[in-house]
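Each of the next two complexes has chain A plus one other chain: chain B in the first, chain C in the second.
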Partner chain A sequence: MDIRVTDLAKEFGGARALRGVSLHIRSGELMALLGPSGSGKTTLLRIIAGLERAERGSVFFGETDATRLSVQQRHVGFVFQHYALFRHMTVADNIAYGLRVRRRSERPSRAAISARVEELLALMQLEGYGGRHPAQLSGGQKQRVALARALAVDPRVLLLDEPFGALDAKVRKDLRAWLRQIHAQTGHTTVFVTHDQDEALELADRVAILNHGRIEQVGAPDEIHAQPASAFVASFVGDAARVPVRVRGGKVVFGEEVLEAPGAAMADGDGWLWLRPYDLRLAGEGDADAAGGPAGQLGGVIVGVRRTANGRRVEVRLHGLDVIVEADAPAGLSCGEGGQVTLAVLGGRVFPENS
Partner chain B sequence: MSVAVAAPRRRPFIRITGALPGFGLALGYALSWLGFIVLLPLAALFLRASSAGVEGFAVTLSDPRVQHALLLSFGVSAIAALFATLAGVIIAWALTRYDFPGRRLVDAMVDLPFALPTAVAGIALAALYAPDGLLGAPLARLGWQVVYNPIGIFIALVFIGLPYAVRTVQPLIAEIDRELEEAAATLGAARWQTVFQVLVPPLAPAALTGLALAFARGLGEYGSVIFIAGNLPGVSEIAPLLIVIKLSEFDYTGATVIAVIMLAMAFLMLLVINLIQAWSRRRMGNV
Partner chain C sequence: MSDLEPQRQRVYTPDSVVTEAPWARAAIIAFAAAFLALFLLLPLGLIFHEALSKGFDAYWQALTDPDAVSAIRLTLLVAAIAVPLNLVFGVAASWAIAKFDFPGKSFLITLVDLPFSVSPVVAGLVYVLLFGAQGLLGPWLQEHNIQIVFALPGIVLATVFVTFPFVARELIPLMQEQGTADEEAALTLGASGLRAFLTVTLPNIRWALLYGVLLCNARAMGEFGAVSVVSGHIRGLTNTMPLHVEILYNEYNFVAAFAVASLLAILALVTLIGKTILEWRYGEAISGRH
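Right after this comes the complex of A and B.
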């Protein structure tokens, strides 16, 4: 079932959490809401669930207008960051809770409920844990129980609020892969909130980037990373350095250099050129491949070399500026710290100064 | 006054490990304190009572006046503790979950029965509920007399026991996570289902602690009860009063026999409550 929200606005005591958010989440899609804290991503999720009410705008599940429906009537599955398991109930009772509270006419039989619980325990790889209490489980197990509980009622959509936020790095990673798998198996339209860009980019079919109560960009992870729609997205997602430039007639001017940088879709004026490490090719002065890139080149001096998990990262201070950009070091880099280098500009995005 | 509700972690008996110093000192102090202040006087009591012999116990116990006083004390204390616990949970709920003008004042007032000399409480309650009193008069017109009979004892004991019930559950109510209610709501639970199936059950161990405290306190209460009970032998005479009467008649053995019986019964009941509580804690996985 697809979810469509239009023009949602919400205030908390004068602070505007959402300022007119519209978003279409396709049926069966796994969508991430990504943004810094206070961007409104959790508020958006809670409004979709019915846990908060918007002052303006509407929420549609498929053809159903859910704006005025109560939480109970919306039939959503919701997973909380801190699990929110019922401590006094066993794992099995937690999972069965959503089925047991139904009216007698809609409630499955005792046998059907326990069959459903067993099925979900198996799906969550928690066979044999039904009789335990939440206090006896690890964080990762608790979150899986919480997910099983949400799925037990066969919700229209599945909503997860920072589902891995309280877990340590290793468990996070395992659960991430595993959530992807569950999603593939059950096919629920799923929305999850995160402030971890790796999580969003790795897991989601599409990512919505929020900032200050507005959606900055919605797109596939590759699209978000390669073609950020705003300076905020460029800075928030992935590593990027910004270089002050001027735009003149569609060309980007940096000092004396004229760069044919792509993405200069702005009127003439001052702006920032956002460069990701892979937008730059670095060569030592005098190295064989020190030729200019397709969009021009910049000169600078190496101020630091860092070892990363996948290679070496070089920090270069650009000539005439107090700007440090990062680039991946080529295998045969001849110079170290203090060495003069040229940076061939292969790509990058330009945004106006005040964006 | 605060009452600790967290279960102390069980440790193996006397094994000095860990970085926290002062184990020997603390244990020594605790044991000698318990010995001098609690166990020694109780031992003296038992010694004195044992001089009565089995026969003495049998004689005292077969006295209908004693039987009635014991039954009344335990019965009314239990009922009053139950009522105080019920009311206490609701009061604690209101004080913790809602913000209203004067909340802090009401919150402070809950502790008054702790501080008030109980005789003052008894006199005030008796005046209030007497047939010509502010609350007693309308009740009397309905044909209900609530003082100078067991109902009066009940009123006094609820007054005395209430703060124990409130203060033991209050910290737990404050800890209830709003997400629990939201989780229940997303699963389709109605408001009443959320309250009775999700929010209240975790309060049970603390409520039982409050119940035990209120019961124990009510059992030993003397000052407030004698002013409101009427103290008719066989009707509204409580066991602690009977002990005082025996003492004033220089029947020391009779007094200690009643005291020992009360002590044994109270200990037994508190033990049972503690066992239920331990069981309910374990059920929640707090091993």
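Right after this comes the complex of A and C.
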């Protein structure tokens, strides 16, 4: 079932949480709502679920106008950040809750309910945990029970609010892969909210980036990363340094240098050049491969070398400006802090100054 | 002696910087214990000693005196009405305060605490001024032959007022801590509002609720000031146990006075034991820490 929201607006005590958000979530898609805190992503999710009412705009589930439907009538599966498991019930009773509260005419038989619970426990790799109470489970297990409980009612769509937000890094990673697998198996249209870009880019089919109650960009993870639609997206997704530049006739002018940045699709004027570490290739003065990149080159001095989980990062202060950019250090980098280097510019995006 | 050399002459090494020396600890504990014994345990023991000073027969006679029986009945009846009322009011007020945002919320929280800060005598007087013969609504009530002051309704009203905060005070912090996610989860799963309340909210607060009810009940049975003003002290009719104790005492009938007082003391002990068991067994569920 696809979800369409059009022109949603919502205020909380004068603070505008959403300012006209429209979004189409395709049937069977796994979509991430990504944004900093206060961007309105959770509000959007809660409006889709029917937990909040929008002041303006509408929500469609397929052809059904769900805007005025109550949360019970919407038949969504909702997973909360802090699980919201019913602490006085066993795991099995938690999962069965949505089936047991149905009207007698729609309620499955006792045997059918316990069969469904067993099936979900198996899907969640929680066999044998049905008799436990939530307090006896780890965070990851709790979140899987919460997901099983949401799936038990066979919801039209599955909505997850920061599903891994309260878990530690290792568990997050495992659950991520596992959610992907569950989504592939069950095929529910799934929307999840996250402030973690890795999570969004790794897990989702498409990502919607929110900022200040507006959608900045919707696209596949590769597209978001490689072709950010705005300065906000460029800065929010991935590491990026910004360099003040001027644009003249489609070329980017930085001090004495003229760069042919691929993303200079803006009118002449002042702007910012956003450079990701992989947009730059670093070579020490005199190194053999100190050749210029396709877009030009920049000179600078190394001010720091950092060890990261995946390699070494070099911080370079560009000549003539108080701007520090980051680049991945090549394996045989000969100079350390204070060394003069040349940065070959391989890519980058330019956005107007006031964007 | 260099700074780096260990200070060998130190006799006492505290485990923690906030721990006192043993002698200081012993002194403080002894002082507290002596204070408790003098002002709490001794009087409690004295009640039973005085009540039984003329033998068990006299004790039993004092308790089975028709006026005493009537006072015990009235006290139980008042508690049986006031406590369930405050259970409902307390849950409703806590629910509204903890789960919703609305203008005037902090004012409502202040109102809930009002009975704690107002002298019970003042509360009683307010009801007399409102419902008494010379009161604001007095003439209307007399016309319709409704007796509130110096009768059961007045005593119940005064008791409800005085004991209102007990349930709400226990529930508000717990419900605020628990938030609304559990209820929202129940609603998304298709439960109606009432169903969510009965199957999710109520079980989440049950031990704190029981705790509040226990305290509320103890106060409802023991309340003196407010009830004294509105009751009119009609023997065998509007005297509750605390009022009956006072009357007997003023008549120098010490055995009977202490006999009835011993029942109130037993109520206090039962409440304390129940409270301790609840705190010990369900302390986390009551305070909201999980």
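The rule we apply is simple: the second predicted complex is superposed on the first by the 355 of 355 C-alpha atoms of A that agree within 3 Å, B and C clash if a C-alpha of one lies under 4 Å from a C-alpha of the other, contacts with A are read in each partner's own complex, and residues count from 1 in each chain.
What we mean here is this: contacts are C-beta pairs under 8 Å (C-beta built on N, C-alpha and C of every residue); 3 or more make two chains touch, one makes a residue touch a chain.
The structure displayed is predicted, hence computed values, not measured ones.
Aligning the two structures on chain A places chain B and chain C in clashing positions.
Of the two partner chains, chain B is the only one that A:R132 touches; chain C does not reach it.
Once the two complexes are overlaid on the shared chain, A:A309 sits clear of chain B and of chain C alike. In the superposition on chain A, no contact is made by A:A111 with either chain B or chain C. Of the two partner chains placed by superposition, chain B and chain C are both touched by A:G98.
Of the residues of chain A, those at positions 49-51, 71-72, 74-78, 80, 82, 84-88, 97-98, 101-102, 135, 146, 149-150, 153 touch chain B in one of the two structures and chain C in the other.
Contact residues on chain C toward chain A in their complex (touch as defined above): 181-182, 184-192, 195, 199-200, 203-204, 290. Those residues of chain B that touch chain A in the shared complex are 177, 179-180, 182-190, 193, 197-198, 201-202, 204, 283-287. Those residues of chain A that touch chain B in the shared complex are 49-51, 70-72, 74-78, 80, 82, 84-88, 97-98, 101-102, 132-136, 146, 149-150, 153.
The touching residues of chain A, when paired with chain C in their complex, are 49-51, 71-72, 74-78, 80, 82, 84-88, 97-98, 101-102, 135, 146, 149-150, 153.
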